[in-house]
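A, B, C and D are the chain letters, set down in written order, and residue numbers restart from 1 in every chain.
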Amino acid sequence: MTVRFGLLGAGRIGKVHARAVTGDAGARLVAVADAMPAAAEAIAAQYGCAVRSIESIEAADDIDAVVICTPTDTHADLIERFVTAGKAVFCEKPIDLSLDRVKACLQVVRARKGRLMVGFNRRFDPHFRAVRAEIDKGSIGAVEMVVITSRDPGAPPVDYIRRSGGIFRDMTIHDFDMARFLLGEEVSEVVATAAVLVDPAIGAAGDFDSVQVLLKTASGKQATISNSRRATYGYDQRIEVHGAKGLVSAENQRPVSIEVANGAGYTRPPLHDFFMTRYTEAYAAEIAAFIAALSAGDAAAPSGEDGLAALALAEAALKSVAEGRVVKMSEIL
Amino acid sequence: MTVRFGLLGAGRIGKVHARAVTGDAGARLVAVADAMPAAAEAIAAQYGCAVRSIESIEAADDIDAVVICTPTDTHADLIERFVTAGKAVFCEKPIDLSLDRVKACLQVVRARKGRLMVGFNRRFDPHFRAVRAEIDKGSIGAVEMVVITSRDPGAPPVDYIRRSGGIFRDMTIHDFDMARFLLGEEVSEVVATAAVLVDPAIGAAGDFDSVQVLLKTASGKQATISNSRRATYGYDQRIEVHGAKGLVSAENQRPVSIEVANGAGYTRPPLHDFFMTRYTEAYAAEIAAFIAALSAGDAAAPSGEDGLAALALAEAALKSVAEGRVVKMSEIL
Amino acid sequence: MTVRFGLLGAGRIGKVHARAVTGDAGARLVAVADAMPAAAEAIAAQYGCAVRSIESIEAADDIDAVVICTPTDTHADLIERFVTAGKAVFCEKPIDLSLDRVKACLQVVRARKGRLMVGFNRRFDPHFRAVRAEIDKGSIGAVEMVVITSRDPGAPPVDYIRRSGGIFRDMTIHDFDMARFLLGEEVSEVVATAAVLVDPAIGAAGDFDSVQVLLKTASGKQATISNSRRATYGYDQRIEVHGAKGLVSAENQRPVSIEVANGAGYTRPPLHDFFMTRYTEAYAAEIAAFIAALSAGDAAAPSGEDGLAALALAEAALKSVAEGRVVKMSEIL
Amino acid sequence: MTVRFGLLGAGRIGKVHARAVTGDAGARLVAVADAMPAAAEAIAAQYGCAVRSIESIEAADDIDAVVICTPTDTHADLIERFVTAGKAVFCEKPIDLSLDRVKACLQVVRARKGRLMVGFNRRFDPHFRAVRAEIDKGSIGAVEMVVITSRDPGAPPVDYIRRSGGIFRDMTIHDFDMARFLLGEEVSEVVATAAVLVDPAIGAAGDFDSVQVLLKTASGKQATISNSRRATYGYDQRIEVHGAKGLVSAENQRPVSIEVANGAGYTRPPLHDFFMTRYTEAYAAEIAAFIAALSAGDAAAPSGEDGLAALALAEAALKSVAEGRVVKMSEIL
């Protein structure tokens, strides 16, 4: 069975997903929609698909699934419309910045028995997947502590920061999902510290640029997340998972792995400087997983509930910073 | 000038310091005292020094300085006696497990204008020193985040745990000192999570075996400490310091750095399995620094106040766990 | 300008090049030919191109360039036919196993002012390219010594060995090209040792499986090549280049870079186990370079003369082993 | 039993051995001799031993063993004198620069049933020892190829070069010994290339500064040695041993293992810049091994015959360079 796709949104991330869909033997890109006709036409020309309106894709008989890459504030509405129209939905994270809106959206998905996968692409990074596979194989015994380092090469424009929902909802949310993916048990308590160290303008916009979060589950498993909007040496994305029998970790990735040695020492090049080159394989693999799940009739993960859970952790972290205390997840959800 | 030493305590750590003193061209080991005569005699035989009582060393004209390696509950008393006797004092950490007792002791030291150095040996590890040197050189710009990983190969006997003052005062205290050493600014807030994951007997003794701590300074600098009483792969001692211009980190150390590659992959040997082999160079270097400071008439660091500050952070972490909230250091000191 | 391609040979490597051509915005795959119709048809179906005979591609007006992926013993004939037909030619290495046949072929290419690029794909590996770029930037000063390690995960079937021209012409030839690429000066002397350590059947077929080669240029620059048909830990492909001012090296590559640590030590997964996954990026980049050279009207490198030079080094190595002496390249070419 | 030592030669390496002897519980340094009285007196003062003449040590009843650290041209004579005097002898390498002189000396040793250990200290480096231990444990199966990289931070003075016997006898000799130590089978063939790339003055003195050597055993095992008198990044000392079942390698060593990351990349400090800091542990361990062998009544290795074999390989390499051919060891010994 070939899964027939409509693409909603032809921007930067839309192009990435267009390539992934067309490169998958089990899928076909049928149509693309975008508020900017030129963007949609460029993708249509490159991959030989049609340009259509969102309404037309919604009503189409020749489309089984959509990939939603439109602006964040349209995600929840589009998910509801397309699951109602009977399409399987892959939606870029986040579903929405409001916890209540996400809950309402997921109720619609459940009511319609819709199929929804959320774009937490990092679960599909081959290195992080391999970390999880080692846990599943029992290589490290019962998981005890997860340590996530996630630092961006540089801060986004303050204008973006303002619309982003803040660092916990925008950046840490990936790490919250990763912590859940690796802990294997729901988080029950959250505590965070936050500061503005990189750019005062970020503080002026009401956000933070340097945060650290501790998570704890009911059985005592723990996770640490360390975030910064600044890393001069590139896109710092590391994971380590400590278990009763050992440790598994994923190293940073660089585009070129050479080393120059001289009187100043041994120097390797900086890391990737952009999330789209760092996670190239992950973007392709998440779409492949979505297609494979649809083809097999399986549930696609990460689900809408995973999206909700990560957002709830962001809410808890914000509340922890505001109130200077440990926040129980039972206060949030 | 040769500094003439008396050694108080001839146990495991006493032997290490005896070797350091005798190996230093600027010092001479004159006498050793221990409640167990055989222990003192063994050191006396090996290094050609005298066995004396503590009282005799206290009264001796031919001794300028002492190294206190006796049980923890004698430290504060001995510090007071020996600074009163006009000797320079190097004391193993901690000064005492009680914050009040430490404060009282330091008042005596100040009143007597005594010279006191506390044995936070890790400041003298060549790798950690080099991390600090890079900070001082400006290699990473202003410090923003310190990440300390400190995991023991295995838990000590529960009997030891009971007398230890708990993991924060016994184990994390080294990391509190290291965080202060690297942050370059006093910590103002502490929050911690703690769990029993390694051994229920540790929990039964009222202690934890797996803890994580966040520290924050007034200007927003942050530090994370991750501790466990278990690390199957050896003594895990890593530091990374993120600054405005870059990152400096110290890797783990292993006794032998070979690698075997075959169908199972590439395998390097485990790390050091014992703090005394991991920190061999640090133990020698701290005594050398004490001797150098005495010879030069300089203040010896880390000072008694450093010992107090680290203990206060342990108190704050304990309070944070007990009350589930961020604790301000102004509540403790 | 779009370069229109014919593909000669639809086997394993043909498929790789088909993907590279179709994925390049500057090119179009027009037709494919193969003695096995099913193989050609599979590629035609996947990429929407025609199946044609070799003769038809030779005569076609709508084809500018061909990629030759047919068996080795057809390469020289096809190069001559297609340069005569006015097509640009990319030919998989080697041009031929006979030095004389290569020389004759290149005379035809020159006479016809043909455009010929030879598939030494490793020059296009991003890591090795970066090594060369550091040399060109002057990072290591004048090149003095090149060290090439090239070990295959396992020996090919003896049947392949028999047709391969032997290890120097089949396997080391890549390293000879790499040495020339990095030395920046022609080799003047060759000496080699060779042994059968992996499989006596290889010896029975008149070949070796474990060889080491020293190369020297007129000015004294040196290169070492170490080859084996066996590497249990994966596809071992390392380069180091020592210069007057420093060293630049390229590390091995593995598909997944995680590490598991436990009582047995720290283990990273094996390397790539197959040249086609190890050199995925290189295969795409060499075709892109060919297309770019054609579009720009530049000479495409590595050239036919590069192919000849590498084969001549293989001849010299064979002669060195046979005669137990240093062979001067002036004896060969 | 305590082994009582005389030290012949109180220069740089003499001091290293004095420290090793005095630090060993099984030994005592009784006397030191040196043509320069001040040098001998300095050691005597530091370690509390006597200054004596060589003749007096030769005749002494209270001395069981000597360590010979005098100039190279006195080694063979002193070995003969002291084995004749019934002392066990540890002699710094080389025994002599002349193969004939070494053979004659070893005949005396054998005739006197003398005990002689030669100072190939690298066998005692903990990392290289661990490589050998993995071979002995069978971790890599039968040894097939040994790759030795040995590059000095800088060239010695030309005056030293002139007296050194040339790079093969002075520098490569360590690597010849290491190759023998790791191959586990005698070398039967040698071929080498040599050049002057670092300093023309070395060439003017009749020596080379950049050499590469291939060794082969009767069964086809191979070794490569790569030497240079220049390495801007420090003292480059690497070993890899490939076997039928895997690879074992020893990494380079640096005094401090930190890493600084910024926009220029990830930089670790240079390696050790001096053989005495690189091989600190090896120097202590070789003397400990000598003492242990004497105490146990075992043969001390590496033996005089090991010294002869390494020198013979140097002769063969020189002959290979001179004659441009593979030299069989049967031509030399």
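Points worth noting:
Rule of thumb we're sticking to: a contact is a pair of C-beta atoms (placed from the backbone, for glycine too) under 8 Å apart; a residue touches a chain by one contact, two chains touch by 3 or more.
What you see is a predicted model, and the numbers here were worked out from it, not measured in a lab.
Among the remaining chains, the Cα-based centre furthest from that of chain C is the centre of B. Chain pairs A-C and C-D differ in how many C-beta pairs are in contact, and the one with more is C-D. Between the Cα centres of chain A and chain D there is a gap of 57 Å.
A straight line joining the Cα centres of chain C and chain D is 42 Å long.
Residues of chain D found to touch two or more other chains are 232-233, 245-247, 261-263, 269. Interface residues of chain D, counted against chain A in their complex, comprise 232-233, 261-270. Residues of chain A touching chain B in their complex: 144-145, 147, 149, 151, 189, 191-193, 195-198, 210, 212, 214, 216, 220-222, 224, 226, 228, 230-233, 236, 242, 244-247, 324-326.
Contacts from chain A toward chain C in the complex involve residues 126-127, 130-131, 134, 139-140, 245-251, 253, 255-263, 269.
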